[in-house]
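In the two assemblies presented below, chain A is common to both, partnered first by chain B and then by chain C.
Entry: the complex of A and B
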């Protein structure tokens, strides 16, 4: 058989409407559709605030000086809590993987941590510590740490045995094995666990602020709830959501891209 | 160069469940290898060849007998190990994989040494690539470079070409002969491919499926050898004949 030029497979032709089916357009379309539904619902039902009403409320709240101060307070609590979660989650998860006594001692406690709702913790810490910074941080830690512990434990058990054997055969020092082999092989698990922990921890901080605090994003949402102001509740709810989305997009996605850079062709991955 | 002394080495794997019999992987393996020699353990799959290499490397311990590897200098002998699969850290670059196994010296020294041995196997320009970006043959060459880069007294190779296509494996066998002649290392190689054993080795130790040394043969052909040489084919046929004899059941009258 002779191959002639016409037999060569050509790239599919690009249509003028190609951009309409791109992933970027799909993402923006979803956002616009959500906004339109919100606008329609706000117009149709009196109890639901419109996007415009919510935006105007946030501008007023900004002028009252409430936005930056309350966000800062909640963020400081969340950052302290989530930093503790990272340290404790990794340490406990690794200890459970390395020592069976630790594993059997802590398994039930971790299960309790996972199953006991943050709502219960929130009520307890308000009773114990009242309106202080301790409550939100403690609930953040007890609610989020188990998520990271479980993933770290699973990751530590997933370290490839053949690579461990190779490292043993070459007498690679233990600290280098830990930094170059164990931790990178666990990254997939750690990042997934920490992402869940961030969601759980941030939610826990807001919950405690809602139930028993006089500062923070959760408190401010509760304040407007008590005042019967729908725009206020919706506006602060929007802030809660935007903060977590921004953190996930700006920090966590970059972390994921960084540790996945060794995967061939990973540059264009969307996570 | 190293001196390897194996005396009555046995390996028994205990049963993992009640009612199971222990598995005798190796029984009474004894031999010595010394100097610039290329020793190949050849035998059927499951005869304990890889187990023996793991015990020499220290990954595993013998159940009985003794294994000694004496290096050139004081202290433990340096042992390089090339595995069946390359066993590279996939999240580290090729050069970082070379640095991973080095001990002593600054980071720059380790990188320079890694680069030197990558050059030796023709991968000097691939240091910044990740293993996943290399072909199977290139990855195995990195594995060989890594083993050589530690300046091994003894180089262990466990069927390093068994996962590669025939053409790549042929090229790497030629390359391995060159490297062995250049470095003067003591090599302990494992394969179930008789042709490969004849082509590469100065000595072939045949292990039976019962895990005992059946024959210890000297291959007295000049290096470098080619797969297409008549003498290689004749020796291969002779050894295969010996294998048939080895596996033939003994009839007791």
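Entry: the complex of A and C
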């Protein structure tokens, strides 16, 4: 769902206080207000950590040398898992689009896979493999692949049939048809699917680490929870969030925009 | 403009799932679908009988037996009811808070810019962070799961209501004004019908996720519900019970979807079929 209908809303009036209601200032105001509310909640309630306490905790944790090592372990696991998700998701999705027998054989299994919560997989995997590197990767794969499969399937079906038929009639070489028609129309869906798969996969790795592991971001959060240090839990929870938001903002949003760029301008006349 | 673009990728997932199921036809397709399920159970049986000991991978029939025990003892119903009520409470809170927020975001540019980051962050946080928040703020308490379900559902509701407000036909609004309709009447026949399709699009997507989150939050710090039972199976190292609850979870989500949400949606959109009105779905 995209919110882009800016023209519908009137631009703010140009008063002397105009900059105060500009979008940029509004967003910074929101951040400051959020920080103030957090600080207030932290001081008002015993069990909620304050921003200041959390920040100090993170500095201490940095000096203990835990931050970089645990983040990199979790990231390596997520990257391996998500690479497998990409290969498997594309292969299964394309196979389902190409052969109807594969499609009907797998549809129900894929739907069940989407319904299954990652944390149940996480508990199972901890019982099966204990503290290991396999666990997080396996859960990452089983919980993120079905999402990419359905998106790939949809993308493969979005190929503009009439255009492909016309290219055939005008003897456009197959490789050019593929590069100019099939791939661009598919990529939008695949990239969007992979974006949500990344969120799911990262969450899955963290869950497994929380429930049973001796390394990683999720483990560290659980460790401080067991120690009764809520600032520690908050600090590591913040790290979990910041990593995924940064990646989403800096990498995925650009990639999605890149693969959608050809649609801009065609919106007016496309069917 | 990047600042005003909020992506809810799950909406696309929902549409993709719809495209997958829309192509289902009767006959041979059902045969293949059964074949897929049988193949899965076949693999599972093979590994459980010949490869792994039963405490690692129990056979499908022992899981079925365990599921039957849970049904007979009534544990399934009481626990799912507990989780269901919490999730519903979360939904009611999310709608109560999300609709006004969405109306503000759709109407005022300042509200949209102010709330943008909150909505974006809430929509893109891994579920485990929500569960941790519930645990920190509420401790072992039934309101923790309800609270985080609210947080998780809120962005979808707010964004879709905002998109709905922006899609309201300005011409119809002007016409209602010319004909001196009361604002309550305009709201009922112009504004609400254009928001509701968006609301459903956002709501259906968050639905499956909200069950997962409620169960997860219960696992972290609940006293009743499916999540607690799953946690208990884990503590007892009982793969049989865990698999049994896992299948109940799937059955439950699919049943709620088919027998509650789908009929409700048909009821809400009955005016479309009756008048053959223009589809306003996003």
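Heads up, the rule we're going with is that the second predicted complex is superposed on the first by the 243 of 271 C-alpha atoms of A that agree within 3 Å, B and C clash if a C-alpha of one lies under 4 Å from a C-alpha of the other, contacts with A are read in each partner's own complex, and residues count from 1 in each chain.
The rule is short, and it goes like this: a residue touches a chain if its C-beta (ideal position, glycine included) is under 8 Å from a C-beta of that chain, and two chains touch if they have at least 3 such contacts.
This is a predicted model, so every value here is computed, not measured.
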item: Chain B versus chain C as contact partner of A:80, first or second or both or neither; value: neither
item: Partner touching more residues of chain A, whether chain B or chain C; value: C
item: Partner chain(s) touched by A:163 [first = chain B, second = chain C, both, neither]; value: first
item: Chain B versus chain C as contact partner of A:255, first or second or both or neither; value: neither
item: Touched partner set for A:88, first chain B, second chain C, both or neither; value: neither
item: Chain B versus chain C as contact partner of A:240, first or second or both or neither; value: second
item: On chain A, the residue positions that both chain B and chain C contact, one per complex; value: none
item: Residues of chain C that touch chain A when the two form their complex; value: 1-13, 15-17, 19-21, 23-24, 28-33, 35-37, 39-40, 56, 107-110, 112-118, 121, 124-129, 132-133, 135-137, 139, 159-160, 162-163, 166-167, 201-202, 208, 211-212, 215-216, 219, 230-231, 233-234, 237, 239, 242-243, 245-246, 249-250, 253-254, 282
item: Partner chain B, residues of chain A touching it in the complex; value: 162-163, 165-173, 176, 180-181, 184-185, 187, 259, 262-264
item: Complex contact set, residues of chain B against chain A; value: 54, 57-59, 76, 79-81, 83, 85, 87, 89-92, 96, 100-101, 103, 130, 132-133, 150, 156
item: Chain C partner contacts - residues on chain A that touch it in the complex; value: 1-6, 8-12, 21-24, 26-27, 29-31, 34, 45, 47-49, 96, 100-101, 103-112, 114-120, 123-124, 126-128, 147, 150-151, 153-154, 157, 189, 192-193, 195-196, 199, 202-203, 206-207, 210-211, 218, 221, 225, 230, 233-234, 237, 240-241, 244-245, 248, 253, 256
